[in-house]
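Accompanying notes for the structure given below.
Chain lettering (A, B, C, D and E) follows the sequence in which the chains are written, and residue indices restart at 1 in each chain.
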Amino acid sequence: MDIFIQQLINGLVVGSIYALIALGYTMVYGILQLINFAHGEIVMMGAMITISAISVLSATGIGLPGPVLVVGGLLIAMPITMLIGFIIERIAYRPLRNAPRLAPLITAIGISIVLQQVAVLVWKNNPRSFPDLLPHEGHNFFGAVITDLQIVIVALALLIMVGLLVMVEKTKLGRAMRAVSMNQAVAGLMGVNINYVISMTFVIGSGLGAIAGVMVGANYGLAYPTMGFMIGLKAFTAAVLGGIGNLGGAVAGGILLGIIESVGAGYLGPLTGGVLGSHYQDIFAFMVLILVLVFRPSGLLGERVAERA
Amino acid sequence: MSNNDKKLLEVKGLQVAYGGIQAVKGIDLEIKQGELVALIGANGAGKTTTLKTLVGMVKPAAGTILYDGQDTSRIPVYHYISRGLSLVPEGRGIFPRLTVEENLLMGAYYRNDKAEIQNDLARVYTLFPRLKERYKQLAGTLSGGEQQMVAMGRAILARPKLLLLDEPSMGLAPIIVQKIFEIIRQIASEGVTMLLVEQNAKLALKTASRGYVMESGKITYADSAEALLANEKVQHAYLGE
Amino acid sequence: MANQANTELLLEISGIHKRFGGLCALNDVALSINKGEIYGLIGPNGAGKTTLFNVLTGLYQPDEGKFTFKGIDLFRQKPNVVVDSGIARTFQNIRLFHNMTALENVMVGRHVRTKAGVIGAVFRNPGTRVEEAAIKARSLELLDYVGIRKHAEEHAKNLSYGDQRRLEIARALATDPQLLALDEPAAGMNGKETDDLKRLMEKIRADGVTILLIEHDVKLMMGLCDRIAVLDYGKKIAEGVPEVVKNDPRVIEAYLGATPD
Amino acid sequence: GNKEETPAAETAAPVSATAPGDVVIKIGHAAPLTGNIAHLGKDNENGVRLAIDELNTENVEIGGKKVKFEMVSEDDQADPKTATTVAQRFVDAKVAGVIGHLNSGTTIPASKIYSDAGIPQISPSATNAAYTQQGFKTAFRVIANDIAQGGALGEFAATTLKAKKVAIIDDRTAYGQGLADEFEKAAKAKGVTVVGREFTTNQATDFMAILTTIKGKKPDIIFYGGMDAQAGPLTQQLKKLGVSAKVIGGDGFQTGEYIKLAGDNAEGQYASQPGMPKDKMPGFGAFNEKYKAKFNTDIQIYAPFTYDATRVMVAAMKKAGSSDPAKYLPEMAKTDYAGVTGPIKFDAKGDILGGNVTVYQVKNGVWEAVATVGGAALAPAAAPAPAPADAAAPAPAEAPK
Amino acid sequence: MLTFSKKNKVTAYIGMAVFAVVLAVLPFIMGATLGNTWVRNLDLAMLYIMLALGLNIVVGYAGLLDLGYIAFYAVGAYVYALLNSPHLVPLLAGTGFEWILHMPLLVVLPLAALMAGLFGVLLGSPTLKLRGDYLAIVTLGFGEIVRLFMNNLDRPINITNGPQGVNLIEPVSLFGHKFSQAITVFGVEFRSVHLYYYLFLALALMIIVVSIRLQSSRIGRAWVAIREDEIAAQAMGINTRNVKLLAFAMGASFGGVSGAMFASFQGFVSPESFILMESIVVLAMVVLGGMGHIPGVILGAILLFLTPEVLRDVVNPLQDKLLGERVVNPENLRMLLFGLALIFVMLVRPEGLWPSKRRKAELHEKDEKAAAEAAEKESAHG
């Protein structure tokens, strides 16, 4: 039983990390119907810049406490990733707003390669260890273990989701974002500065990406220039699972994917009498994804916008 | 009375092209403060293009647009509305997944006077009681006529000085068309200047005081509404049997 | 109706229900259309007219009811089966294949009446070539029929609005329908263009195709249709010859309003 | 080897540091220089470069002529297809021999092209047994293969650590899986129970799920077949779950990187490295200093092996008096060379004879050799391979589990 | 691919003849000037052309975004590899199925195409209802599933040999000649890379012809119609389900052929060759070249495959010359330039380098479409 609870907790933590990243994908998708493939790299940048920033901060010798250092690092990394996000939209997506749908997909992939290579040039290929500065006291929970940091991650994912939801649903900027997502031309007529709104979306999404990157780095104790691809892919999958474009869906999809993976890894073996094992966890996850989409073609919480004939 | 003679809009030699295609080939238009002017013409004559150009959605190739005495060519699209220029676009252009009320509030997006906005909202609801009933419904699920009401209501919330309407009766049931035109007259009577583009030329000319007829990117007739209604050529070309 | 002897039942539906979530878009609708007539469908916006079209063409699956065409049961059949049986349609918001030429659009319409597959395409055997030539010939003929042959090589989206409407009709005719369903073909047209369209529809009917027509242009409907049904809130509230429908108080209240002109 | 003045450059080949009269001998080096394990690839390249730069100052003469060596280094991206392209480039460039590739997955497909072209290849690090079992005369390696390493680790776990129950994880790469399988065989042969076999990938960072399963099985030790980038966080997560079983693995994470990534939790974990302990390697101390001085970084893993491989190849050329592959290849097979990693001799298949395996443990934040297991006895015994021509499948003798 | 007016026919035929001669002697010119690496690169480029043309059917013709296309390449490769290597020998020993091994090329190749096509249908059927990006992610997942199966089907029964891959795959043998050996005809020595070149060229031409003929056929029109407006296509009586599945199957079978040839050419296959990045690269070839336009797609395939290879030849020497040392790791620079090239080309030519007329037209459609969509009332019922 404690093993099962532990597996659920494992899934919840990974899932929350996916959720944090998936929120970034979903925001951009929601407004532009664009898969921002470079978001995974933004997450990576967030982690890598934070590591560098922390080492600079601790080199000053002021002797700041660990968590302050991490937050300090993050506060340096966030504006930088925000700027990167802003620039990406500006140079790679904006000129293609009226282009065929796949064109921005290809530039997105290009951007993702470029960011990755720039990171390699700056930080070299080796994995960097993330400084061990945050408390990760383990807490016993019905025989299972969960650390402080993990609790923070889960809470943060939920908190950010709620924050974003409030912003999108209740604020004027949020209303403008939704309007832009439905009809840019008319939103412009209403006095919405479309470029500003879209830039803001990228800036906010990229800021969140930095937070997610730091969480990933801190939780696993490392970061490296190529980390963005895989984790970005997982998070994107989560976003789709939940219904892309839907903020609640991103979190639900993320957590569900995390739990599917961890339960898959933990129980596929015993359940199939050892025929399958943890190497089938990804297959299992993708199968679940396909099944969900077959029965709910717009994801778990996605709006069912039946196309009108 | 001097106020009423003031030219709110003055268009000279306007030309618009899409890529190589000239859609508007040098037209002159004038609208005085408080007027209701109709613009009619066949499909593809360039009516919509003209309206879009007036609100900056399309950039002219040549010509000048003076609005309220000022050249508008350098204003970004999203500033037109705060200058009092508002377009109810062809096909209504509502935001399908915003609620009715959110759609209406989008009209007041540029405004910051919260109390006044609430007043105006209440006024729209009295004009269109139907919308009040449905203020929480997603606008995409409304019927065509209701969507047209949303589009007009939204424009009212923008407090326009010059309201441009692009085929407000398209695809609507006769009873709704009558209602929409009633509202148009009412808004006009409140002093809002209007330029009305319509396929239903007869109805448009009956509502407006003056009219322009457009044909393949050019203005072919400009006259009082009654004169146009009586013009045989106009009758033959646009009004049908 | 008038002369029972000559009428032959083409389409018959009854008890059709279609719900979207809580909304009942079609509520117990019954219609029967005779061969060779022009049958009109009117009603306020959102009454369910287009929905009924979608049900009749297989794009929506009705929840319950009966649907036979020429005696064939088409209830909940796929669109391709419906088209194959002889029902074709146009759309309220023109749905052409924008980046295909006008000719290609019509050629797509021939799909259902032809059968060349991959093998034929790759080997271009005589049979396939003959079929392909026939497709093209028939398509050009149809463009001519609706009067836009001169635009055959233009991209559909570059046609003027009225020509796009005509192209949609030609494309639908390419499927060799017995019933042609037109959804607001005159919307956005001025009086003159509407008159032209009216003549086209009369020609089509004269050539033996039955027409089911949705329009908000009351004058056109009254002048063209043999019979008219009125939908309101998904229910049929009236049916009959134009004169009767026009004066039905319920129709006036729900749809016509105080008569203009 | 004196200073060249600029005028010489005009007439000389584009190769930068060549005096006019010298014969240039190109030696290919291939490893992933981009991607996840580029740091290891760079390390390999550095080993070759060090050897070549030294050779170039040693005034080597082959067949009576003074020669210059030049390294042609290519990135195979750890990808089999790229590796074969790279191999063809080497053939075109007429390299005299190839040091590489790093991974088994690239070494094996490339070896066919070298074999067809008759170019000798020495892999410093591809440990998959299949590499030398294809029957290619041109394929050599200077490192103990997986059978030796896995076997040694299995024996170490059973006899030295006295493990009764082990759990095994591999990263589903050719390397990780191959090593894990060999370990499993050896451990089982010694009577150790395998209580769990779990899998991850070489992209993963989260291992909580499989570690939780393993925790429930209460193993004494956990074997990980994979690289440092995963082993590091894996070790940390074990601690997070409160598992005290020791981690043991192969050369993939016997690296400085691992210690950094696993942090405090690295303390006490084991990993092996083919060859003798570094301090017992005859020339390691000196090599290490040279390396650090030249590249200003720590040796990752295989640099000493690529260094030796380069020198073994050149030694064969010297003996044959020719850098023509056809001529010096026979000498390669007869190699008897004292390298910085230890004595190097090849068996009939091209595997190193008597390849030792040393097990290290992290003590006070550094790897310390704790035991050297006699791979010498194991290696030849475990690979009977009767039909060299077409036996690619694992030797049938090992089939029963 | 090209259309000529009648009076130009003669010049066209001459042009074609010249082109054919160039294609025929190309490997020898390349080999003599740039080395056999480049002949090898030509061979591989040909494989990518086949792949890209296959994906073009799915993405370019039918408008279905497929991010897992490499799976079909993998299926073809494994079919060939397993049937033409010693790997399955122990498994089949004594089962009476040994005959499936070592079948002639003319049997294995169609088989690979068929298997891949089958997988195409398998992938297609659950995804038919999905649109746009949902389809993309499911196909991506499918591609990963196939790769993961290949990586893991070594236990409990060893079918694919897992991550170790399948080695010692036999080369193609045609008319009794093994392609691994050189052959001398009329004094010209045809090496292995040359023989493969002609084989791949023949297959690529075949695929090109099939692509061209499909495009201007009834089926091709149906694909475009579905891509343009699926609902209207349905309303025209097109059985969208079957026609889409056909696109998946056709595209997949091209991939299968290419994969089988890859296996024989390489002599070794392992799951690493079929990662997601490969799918993305093939997609980039199609989009960058000009979706739906065969010459464009071929151009895209050649450019994207060869650019990194050319950079390999250029970047290092250039740095040596200009800077005297290698400041930037050449491999990073190569990838960096690749990424920048993707961005740059798309920005300059969003419709692709060599688009079809239809696509060029599409570019100027968006505004009208936005208006049309706005006109259409959308419904969002749960």
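Keep in mind that, in the parts below, contacts are C-beta pairs under 8 Å (C-beta built on N, C-alpha and C of every residue); 3 or more make two chains touch, one makes a residue touch a chain.
The structure presented is a predicted model; accordingly, all values stated were derived computationally and were not measured.
Chain pair with the most C-beta contact pairs: A-E. Distance from the centre of chain C peaks at D, each centre being the average of the chain's Cα atoms. Among the other chains, B has the CA centre that is most remote from the centre of chain E. With centres set at the average Cα position, the gap from chain A to chain D is 37 Å.
With centres set at the average Cα position, the gap from chain C to chain D is 73 Å. Centroids of chain B and chain C (each the mean of its C-alpha atoms) stand 32 Å apart.
Residue positions 23, 57, 59, 91 of chain C each touch two or more of the other chains. In chain B, the residues that reach two or more other chains under the touch definition are 89, 93-94, 96-97, 141-144.
Multi-chain contact residues of chain A (touching two or more other chains): 120, 183, 185-186, 279, 282, 303, 309. Only residues 209-210, 213-214, 217-222, 224-225, 228-229, 231-240, 246, 250, 358-359, 361-362, 365, 368-369, 372, 375-376, 379, 381-382 of chain E touch chain C when the two sit together in their complex. Taken in their complex, chain A has these residues touching chain B: 172, 175-176, 178-179, 182-183, 185-194, 303. Note for the complex: chain C touches chain B at residues 23, 42-47, 92, 160-162, 184, 187-195, 216, 218, 254-258, 260.
If you check the complex, the residues on chain E that touch chain A are 59, 65, 126-127, 129-134, 136-138, 140-142, 144-145, 148-149, 151-152, 156, 231, 235, 276, 280, 283-284, 287-288, 291, 328-329, 332-333, 335-336, 338-343, 346-347, 350-351, 359, 362-364, 366-367, 370-371, 373-374, 376-382.
Chain E makes touch with chain D in their complex at residues 35-37, 40-41, 44, 85-87, 89-90, 151-152, 154, 162-165, 167-168, 180, 192-193, 262, 266-270, 272-273, 309, 312, 317, 320, 324, 329-332, 335.
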